[in-house]
Amino acid sequence: MTDLPVTEPLLFNLDEPTPAHPNPAGIRRVAVLTSGGDAPGMNAAVRAVVRTGAQQGVEVVGVRRGFSGLHRGELTLLGPRDVANIIQRGGTILLTARSHSWRSPEGRARGAQVLRDWNVDGLIVIGGDGSFHGAHLLQEEHGIPVIGVPGTIDNDLYGTDHTIGYFTAVETALDAVDKLRDTGASHERIFVIEVMGRHAGHIALDVAVAGGAEEVFIPEDHKPVDSAVQVVQESVRKGKKGSIVIVAEGYAGGAQGVADAITAGTGLETRVSILGHIQRGGSPVSSDRILASRLGEAAVYALMDGQRGVMVGRTAGGITYTPLHETWENRKDVSRDLYRCARTLSV
Amino acid sequence: MTDLPVTEPLLFNLDEPTPAHPNPAGIRRVAVLTSGGDAPGMNAAVRAVVRTGAQQGVEVVGVRRGFSGLHRGELTLLGPRDVANIIQRGGTILLTARSHSWRSPEGRARGAQVLRDWNVDGLIVIGGDGSFHGAHLLQEEHGIPVIGVPGTIDNDLYGTDHTIGYFTAVETALDAVDKLRDTGASHERIFVIEVMGRHAGHIALDVAVAGGAEEVFIPEDHKPVDSAVQVVQESVRKGKKGSIVIVAEGYAGGAQGVADAITAGTGLETRVSILGHIQRGGSPVSSDRILASRLGEAAVYALMDGQRGVMVGRTAGGITYTPLHETWENRKDVSRDLYRCARTLSV
Amino acid sequence: MTDLPVTEPLLFNLDEPTPAHPNPAGIRRVAVLTSGGDAPGMNAAVRAVVRTGAQQGVEVVGVRRGFSGLHRGELTLLGPRDVANIIQRGGTILLTARSHSWRSPEGRARGAQVLRDWNVDGLIVIGGDGSFHGAHLLQEEHGIPVIGVPGTIDNDLYGTDHTIGYFTAVETALDAVDKLRDTGASHERIFVIEVMGRHAGHIALDVAVAGGAEEVFIPEDHKPVDSAVQVVQESVRKGKKGSIVIVAEGYAGGAQGVADAITAGTGLETRVSILGHIQRGGSPVSSDRILASRLGEAAVYALMDGQRGVMVGRTAGGITYTPLHETWENRKDVSRDLYRCARTLSV
Amino acid sequence: MTDLPVTEPLLFNLDEPTPAHPNPAGIRRVAVLTSGGDAPGMNAAVRAVVRTGAQQGVEVVGVRRGFSGLHRGELTLLGPRDVANIIQRGGTILLTARSHSWRSPEGRARGAQVLRDWNVDGLIVIGGDGSFHGAHLLQEEHGIPVIGVPGTIDNDLYGTDHTIGYFTAVETALDAVDKLRDTGASHERIFVIEVMGRHAGHIALDVAVAGGAEEVFIPEDHKPVDSAVQVVQESVRKGKKGSIVIVAEGYAGGAQGVADAITAGTGLETRVSILGHIQRGGSPVSSDRILASRLGEAAVYALMDGQRGVMVGRTAGGITYTPLHETWENRKDVSRDLYRCARTLSV
């Protein structure tokens, strides 16, 4: 027989200079802030905004401490070197804060005035649905064009397949599960691990599939805690060494509640780990950095294109725009297929 | 103003038992093998095949050492416990080998006979295009239904957004870049890192974007090596501390060639790292494990559905089937958008 | 001036074959077991025992599930290939169990009989003080020569500078602290992290120094919980972004108690992470593997030398032997110097 | 029988304020610089110097870019907040450079003048033997009291058990070996890995033991490269899956030379990885941070005590002082015991 057919390498010249993006909206200066809970990859997004701006002749002003810093005038011009060596850092160099300042009309008026004083033509908000709500009102009431960039570990924003920080949070929780797996396999123990997710089970479900967990409890499900008892009993019957149960923090009772139910129902000892904010930290994994780089770039282009009041997202590999209010009015459900997959593979 | 509108949690009962998948093809026993270069996540795919089989009443036979082991009859029945505690392991418990046995009609006839002796109704091949070619011929010549599962770190298979192992390989290379970044920023040095990719620049490009590299050389591009000189000179002029250049192994001259050109053109010292097979190892990251779990499950269902001669892939979030021959006849190009993004953000 | 003086490389031939170790005790077969809580590096120690035995012509029998497996006769001969590819694995391939079987004279008599039935000349016990106590009684009552190898993450054994598993546990907890540091610095929050250490603060103290924590609470100290309030208030006054407080699980009230006290005393929000058994898992770091390799080797040599009833340890770079009963009768205090260092550097 | 005797917890009050260190030398201001190749943990050492100074009422001046920055007057006062959030960072915030300025009497005179202009009472130099030589001459010729802190990944300084950065470099190389182990075990391949160590085999030897390598080549040994052929042939004969060979960069021929010899002698395919400067980067592991914290603290105390011209080190758990010239005049050999252990355990 013949060798494998070799496809002719389709050489192309990738090395042309980046073209100037059209700027019908006449954007000359934008502001950027990070808001709400921080997420790994926010720095990569800030860097992308600043450098895309620099590359396109658009000035970028960084706002520190989110909306509360905006309110207080904590702004500064950022050049390409100011965002050097941050792509790999967790947290956000712009700092963030859970602010209530945008909740009052006066707070928003003050913020809008600061942006006008700084001659800002548009505001890019990196955060979650609460932050987008504030941004939405700022635009509605004061005509400041705003663009949202989805930055939250919870992955609960409608309009994008994934949010910045999500991949890293899953990886951090998975690393913990792997470590428990080592000791569980040696000691034949039952571990109950609480991961983040107050309203959404995305992290918990991904960790359950990737970690090979025996059971997962998420807020979306109305499965009774007692089902854990049955699962553990079956595991023992099947001869499994140790069991791993993942619980999203938003599931009633949390990890401790599930652990108590297991002990009450089986008489077996359980061990609880509560990861907490560890999942917000750490150097972002590649997927979060690439997503953040693309969305930060897209946010600047969106303003230049004349988009306003939308979140830039990535859906099925392409950039999409979703009106900000739809991001919180709609619900991004966990995948039922993946949930079934989790159950099938824990057989 | 009012609080954020709270969407009513859409409770649903996820906890129904996994339904029996229809089995019009009457599959009772399948074989699974891993072939070609190993990739992190292959074990998760094997586990998914075995456990989906167990859950659906389909027996699974594992073949060791790929096609060469098939040829020699290295087969064994695998139950759910045989694949316990492997989801997090790099490598493949089934072992792999770059075999030439399927290249001769006699070799394929021998392999087919072994499968018939074992009463196997279908074969699942986890590997890359070379392995798929062997599988394709086995089906063409001997009527054994085959299903391909894309397992290769190179991400160069048409018919799936990503291949199993790709995410982990990128992460491993990125970790190396981050470490160089630390020392580069302290020492103001130029680093040239060679990553895998003999024919495809997918890994190199992702690493360049996620690592914030100054320049990237991939096989698809016909950029002259001298362009590295210009990039480094500009970096120095801009006041950058250190420069990072990513080179895919398939780019003419490799990392050493690029480094030599930089030194010749700028007089600056360079440091070369050649990562090599390190990128094939390590515990798979969550994205690879989830992809492998879903595709392993889908491969069993595909055989039960009567699919044959196709690769299961994931495209835009859904399971897709691509005739095996299309996976190597078509070319999966690197993203030009991402390439431009890499350049824009290194400003 | 002249160049730096170059010391003449003192070449020596290291490549001589390993000499046969003298064997005045006439040891022909030893048994090895892991007992108590598992610790990363136990596998490296088992491997070292088996391979040193193989190299010296001493057969090695592995006992599964510690003393309870010994009691039940779960023994098997181990050759060099049986311990291949385990040096990097967490957990223990021999499994472990917290057994009560050695607590009764009958249990110990049964265990001794099993060892005699297997013609075992000595027993190597990898574990902590509870396991050593069992081993000690076995020797006292039944004349079986025993050697202890310190394997516990707690580092609380007298007679060795460090115990196997300790370095990895510290590293795991430190990784969590680093992640919190990222998010703490972005969000200006107070984190309270509970690490392992029921009776000893070694892990907590090392993590506090290496993690740059503001405060640490260990069981050995009788510092009131209120001191955390003062430390946090000072941190705020000094302008620190975020505070990190480490609490050993054995400190009264644990992390939650400390967190509650801080909130009560300062009105500031705190976040709690409880790492739990994660600290027992993971691939052992190099220091644990090297320590385990050396102590496993030393344990076989010790039996051959005629040592009995001692723990092999490493103190100031050399191998030492400590009578087993001294390992639990004496106390290994945390370093007061290091404690002072922790305070000085959190200024 | 009775329960295990519980030792009475020896409670002590650790929480006394740090006492003022005696200051017979009347030190009021010190300078600190990092020099030579950077090493993970240098930042932790800088932080310890600055904060110990702050705590003891001694001002600390940071010098950027080592001796060359000193020469150019790149000095700045550092307070405790200036070194916040750096303990976990690789590299050095003070930057470093391989300077030749101290090689001329004029260069040293200029540096001394800068220190006098800044009213500096002593200089702390964090680096290796080259840097210590410069420091030594500065003291000899100009009477500036100097203290050396051992910061180099090579661990080749006489007068301390370990140098800052060494543990992290070993861990980084070990992680690479572990990844190769995964793929080697799946593919039955021979890997040759080049690690750092131009004149010393400390890293290579530790990595060989911890990585379970089949063979190690270091500069100190005069073993011929052909011995690799024999080792690999024996590995194959013993049925080992894959072989791992560690080569220090200073061994004649490097990794490529060893790989070529193996292929020539056995006909087997080999794969080479050259880690390079990756080993200088990354977040320091706990042992490096703790060592750096203790030595940075000790360096300030040493100046206050009136020590001069010595390196502070840690030997057998205590702080030691070694005259600077002894650190390069004496040789720190690799451990022959450990070398033998490596061979024994690769049986």
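Note that the chains take the letters A, B, C and D in the order they are written out, and that residue 1 is the start of every chain.
In this section, contacts are C-beta pairs under 8 Å (C-beta built on N, C-alpha and C of every residue); 3 or more make two chains touch, one makes a residue touch a chain.
Computed from a predicted model, the values in this text were never measured in an experiment.
Shared contact partners of subunit C and subunit D, listed by label: none present. We define each chain's centre as the mean of its Cα atoms; on that basis subunit B and subunit D are separated by 37 Å.
The geometric centre of subunit A is 24 Å away from that of subunit B, both derived from CA atoms.
In subunit A, the residues touching two or more other chains are 178, 181, 185.
Taken pair by pair, the chains that touch are A-B, A-C, B-D, C-D.
Contact residues on subunit A toward subunit C in their complex (touch as defined above): 34, 37-38, 40, 42, 89-92, 95-97, 172, 176, 178-189, 191, 271-282.
By the touch criterion given at the top, residues 1, 4-5, 7, 9-15, 17-18, 47-48, 51-52, 54-55, 80-81, 84-85, 87-88, 103-105, 129-130, 133, 137, 161, 167, 170-171, 174, 178, 181, 185, 199, 206-207, 209-212, 218-223, 227, 238-241, 283, 285-287, 289-290, 293-294, 297, 316-317, 328-331, 333, 336-341, 343-347 of subunit D touch subunit C in their complex.
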